[in-house]
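Input: structures, listed below.
Paired with subunit B in one complex and with subunit C in the other, subunit A is shared by the two complexes that follow.
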Partner chain A sequence: MNGKSNLGWTVIGAASAVLLAALWAAPLLWALSTALRPELETVSADFHWLPQTWTLDAFARTLGAGNLLRWLFNSALVALSVTVVTMAISLMAAYAFSQLRFRGRSLLFGLAMLAFLLPFEALLVPLFRTMNQLGMINSYAGIVLPQVVSPVVIYVFKQFFDGIPADFREAAVMDGAGPLRVLWSVYLPISGNIVWAMAIVTFIAAWNNFLWPFIIVTSNDMMTIPLGLTQTYDAFGVRYAQLMAAALLGALPVALAYVLFQKKVTQGFLAASGLKG
Partner chain B sequence: MERPRIPLATAAASPPRENLPALALLAPFLIAFLLFFLVPAVETFWLSLTESSLTRTSAFVGLENYATLVQDTSFWDALGNTFYFALLTVIPLTAIGLVMALLVNRFVAAQGWLQGVFFLPFVLPISVMTLIADWMLQPSSGVINHILGIQRPWLADPTWALPAVAIGTVWWTVGFNMLLFLAGLRNIPAEQYEAAALDGARGWKLFANITWPALRPVTVTCLILQVIASLKVFGQTYILTSGGPFNTTRVTLHYMYETAFTQSDAGYAAAIAMAFVAVVILLSLLQVWIVRWLEKRES
Partner chain C sequence: MASVTLRGIEKRYGDNLVIKGVDLDVDDGQFVVFVGPSGCGKSTLLRMIAGLEDISAGSLELGGKPCNDVEPARRGIAMVFQSYALYPHMTVAENMGFALKLAKVPKAEIAQRVERAAAILQIGHLLERKPKALSGGQRQRVAIGRAIVRKPEVFLFDEPLSNLDAALRAQTRVELAHLHRELGSTMIYVTHDQVEAMTLGQKIVVFNGGRIEQVGTPLELYERPANLFVAGFLGSPRMNFIPATLAGEEGATAAVRLPDGSVAEVAADVARARVGATLTLGIRPEHLRIVGEAGHGAIAATVGLVEYLGDVVLVHLQVPGVDGMLAAKVGTGGATPAVGSRVGLRFDAGQAYLFDEAGLAFAPSRTRETLQAGQTAGIQ
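Presenting the complex of A and B:
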């Protein structure tokens, strides 16, 4: 009786796993199937799940026309800059909050954590006005800078540093090493795991950020991928094979990053949500 | 014989302050924090009390913007659409995320693949999702209508536009919730299951008696994060429907964006932003209170 109901659950479970996985894979597979056809086939009245003629034409045209390569370059530059700057300033700040004794430590830390409460969306209007006054509209600095304030990253690093035994630091301080040197040569080497995880997550978030580039960028040449892909109707017209090719090319870098570093990505997102992986 | 006093001894009892090194390490973050968070945060509040455009601040008008806001049916409609979107997404995103986590945890042999398929959409840019959704939802050549054998213009239909965007959003973001539940599942000690199995509990009973109670904290976290995320909806509706048809998909942040960047009414937009923040914080607090109240009632 019990064995039977267990088998029943296993069958139901396996069936739902297959069904859900198929549903979740379907949109990307359908995009791929569309991108591999000649344009005429996408509007043909005859419906086919697979291309009747297989061709890379749509990919070639997408890369040739429009600004896709430029947007990919912009995204790479912006996401890398955001990641490097965020890691550098957050590691230094987290180290200070965790290991140094100074006046106003808890007040400043509390203030920094306030940023958790206030959604970035609420700051758009004044941020745009400031950037406008600084002449940073349509500039890389304008896109990058507001993205480097990341209380989550500081919080995760501080938690990690808090867990490191104090004698670790004392030995280095006795040798007369300054704080930056201690952070670099004592703390960083043992934090590799968490630093990589947060770096990858920061990179993906910056690559995918839509809202801020949408506000600060108006020129087609300065657009990042998430923003540029919304302009593809203008670039290619309603040509679905090319639109799907563009979508897949835009998805490829982050999809690859995820597939290559699956464990780190998972760990990073969990740490950022306040849960341990 | 008296020992000479060693000045260092007092220093060891209470280590010296490290104000200067701390300031040096904190400076880059503090400058960015000040410029790109604290000042704009205060400025949003200040702007909401003025009549300002995108480029210049004119007159202090007190609470006038808020008085207008209370009477502004466009604002309430947008807030209503936002709540409707949250209603359409929060429960499915939590429930499906839980089911996915249970499946990934159960079928160990396919774990990597299942988790990958469920999570992959979450790492993709928003416009990849909207491009594919738009193509699949096309009235005459879209694959959804082909399967259903109908010709519905999903994104141009006042009844279906927001639910269609909601379904696209569930596909796009559910992987994150799956991850939260998966972490929760892995924190349940195996002994609990073994003990219950010895008592003869199987299948559904194991889930009801052990898994579900143990997942309570994660479920609460997930619901609170999800409500906030759903209230912040903007990109999906903006790209897929531009707020149409007949403003049925114009959400709060979209209305704020239009007010600021198309009407150039920064003062009023700041008031909308303040109201939005208040709603997000109030709803989060409300959820925390409800959870506490439920826990108290049970014990």
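Presenting the complex of A and C:
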């Protein structure tokens, strides 16, 4: 009885997992299927799951027209810059909040965490005004700077550092290391997986960010991929195959990054959750 | 090598005073052990010497130089942590050479000093391993090696053997004593284990509640404890304590009345006490003899528990009027009394201690040496 019941639940569980995976993958596969059709077929009244005529024409046109390579470059530069600077700031802030003793530490940490409560949208106008006054409209610095302070990342790192035995820091101090050296040579290597996980999450968020680049960028040459896709629509009219090809090309680097670092991201989240560390 | 001098050292956390004015001199090349129960402040004091904790009041001198505000790395001190604190991402060689690397010592010299320390500790074959691939004993050696390569003037050890099993602990104790002889450095060692304290220390400092209870050689502390705390802390099993009243004094011998009404003699100078004063009689388990039966001046007792430890038998005894059980160490050669049997207890006057109401020991009288040499006075 028990064995049969268990088998039944296993089958139901597996079927549910396949169904959910199919639901999740369907839009992606549909985008791929659309991108591999001739433009005419995408607006045909006859519905087909797969292209009747297979072609890479949409990809070729997307790469040949518009400004896609430039937008890819912009996205890569912005996402990498945001990731590197966010990691540097967050690691130093988290180390200070976790390991150093100084007057006003709790108050400062509380203020940093208060930023959780402020939606980014509420800061759009003051941020835009500030960037405008600094002459950073349509500049990489203008796109990057407002994205580099992340209370969530600081909080996660602080929690992780709190769990590292203080003996490591004290041993390093006895060895002659200052705070930055302790962070760089001891805490950072020990926290490798969680840093990778946060870096990937930050990279993906920065790559996909639409709102802030939409506000700060007006020049076509400074656009990132999410912003550029809206331009693709305007530039090509209703050309679904090319739109899907551009979307897929834009998402490719992020997907690639995730696949490459998937193991580290998973280990990092497990370490942060305390399940393994 | 350097001496360590503490004068009026205090440590305060808010309103909480945890180190209450410590004065201590550690000579050049001496092996000093801080011992005491958990929370007595011994580790805190060690950390203050290391520079990991600020000193709230008082002065610290290392090699005659004031060091209260000197950075930990500039004090000429190396510390071995209880957890060893080996950097998990570095190899053994990198762990040992990290301090030298930070001090910008040339690579060739780092390698040479690491190899020399590894040779002393016989860990040369482990240099390329990561800490996770080492056993507890090997990690402990690496932690000591990391301290040795810095050529410190003072070594600090914070309970370094507490994570090892009993056999390895005994072996490492011997090796540490050998290392001290070889290096000749000043060493301060914190432990709550009295066996480590007694076997390693040239000088033992007994702490309790943030204060020093007594300082002395292991033998001084064991044979002449200054108070009830030290008498009870050093020795395993601990010293037996029996409530008593001063019945009289005759020459160098004090007569004390025990709870069962019998009178015992102790070779102690009780001139500062008055007759009738409440005292505590202390007898170490190895000095308590079990005789066939009570009476004829022997204390009546009932055997509550017998523990066979291989080389010795511990007999736990219930005595009317005494809280808890007394312990007696007897050899394995003779007959061991059965649990529940009634026996008599005797002791020698020269091997018992007396403490006043405040717990302070009365000095042993001059006759003690004579009595310890063989004369039996003891219980009447």
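Methods note: the second predicted complex is superposed on the first by the 240 of 277 C-alpha atoms of A that agree within 3 Å, B and C clash if a C-alpha of one lies under 4 Å from a C-alpha of the other, contacts with A are read in each partner's own complex, and residues count from 1 in each chain.
The working rule: a residue touches a chain if its C-beta (ideal position, glycine included) is under 8 Å from a C-beta of that chain, and two chains touch if they have at least 3 such contacts.
All figures in this text were calculated on a predicted structure; none of them were measured in a lab.
Trainee: Does the superposition put A:Trp9 against subunit B (first), subunit C (second), both, or neither?
Mentor: first
Trainee: A:Asp175 in the overlay: touching subunit B, subunit C, both, or neither? Say first, second, both or neither.
Mentor: Second partner only, subunit C.
Trainee: In the superposed arrangement, does A:Tyr140 touch subunit B (first), subunit C (second), both or neither?
Mentor: Neither partner.
Trainee: Classify the contacts of A:Tyr240 with the two partner chains as first (subunit B alone), second (subunit C alone), both, or neither.
Mentor: first
Trainee: Who does A:Val259 touch here: subunit B (first), subunit C (second), both, or neither?
Mentor: The answer is first: A:Val259 touches subunit B but not subunit C.
Trainee: Figure out whether A:Trp184 sits in contact with subunit B (first) or subunit C (second), or with both, or with neither.
Mentor: neither
Trainee: Using the touch definition from the top, say if A:Trp196 reaches subunit B (first), subunit C (second), both or neither.
Mentor: neither
Trainee: Determine, under the contact definition given at the top, whether A:Pro165 touches first (subunit B), second (subunit C), both, or neither.
Mentor: second
Trainee: In this superposed model, does subunit C or subunit B come into contact with more residues of subunit A?
Mentor: With both complexes superposed on chain A, more residues of subunit A are touched by B.
Trainee: Jot down the residues of subunit A that show up as touching in both complexes, subunit B in one and subunit C in the other.
Mentor: none
Trainee: If you look only at subunit B, which of its residues touch subunit A in the complex?
Mentor: On the subunit B side, the touching residues are 15-19, 21-26, 28-30, 32-33, 35-41, 43-44, 47, 54-55, 96, 99-100, 102-103, 106-107, 110, 112-121, 123-128, 130-133, 135-136, 138, 141, 143, 146, 171, 176, 179-180, 183-184, 200, 202-204, 218, 221, 225, 228, 232, 234-235, 239, 253, 256-257, 260-261, 266, 269-270, 273-274, 276-277, 280-281.
Trainee: Please give the residue numbers of subunit A that touch subunit B in the complex, ascending.
Mentor: Touch residues, subunit A against subunit B: 2, 5-6, 8-9, 13-14, 16-17, 20-21, 24-25, 27-28, 30-31, 34, 42-43, 47, 88-90, 92-93, 95-97, 100-103, 105, 108, 111-112, 115, 117-119, 121-130, 132, 145-146, 148-149, 154, 178-180, 183, 204, 207-208, 210-211, 214-215, 225-227, 229-230, 232, 240, 243-244, 246-248, 250-251, 254-255, 257-259, 262, 265-266, 269-270, 273-277.
Trainee: Considering only the defined contacts, which subunit A positions touch subunit C in the complex?
Mentor: 165, 167-168, 170-177, 181, 185-186, 189-190, 192
Trainee: Enumerate the contact residues on subunit C facing subunit A in the complex.
Mentor: For this pair, the touching residues of subunit C are 50-52, 72-73, 77-79, 81-83, 85, 87-89, 98-99, 102-103, 146, 150.
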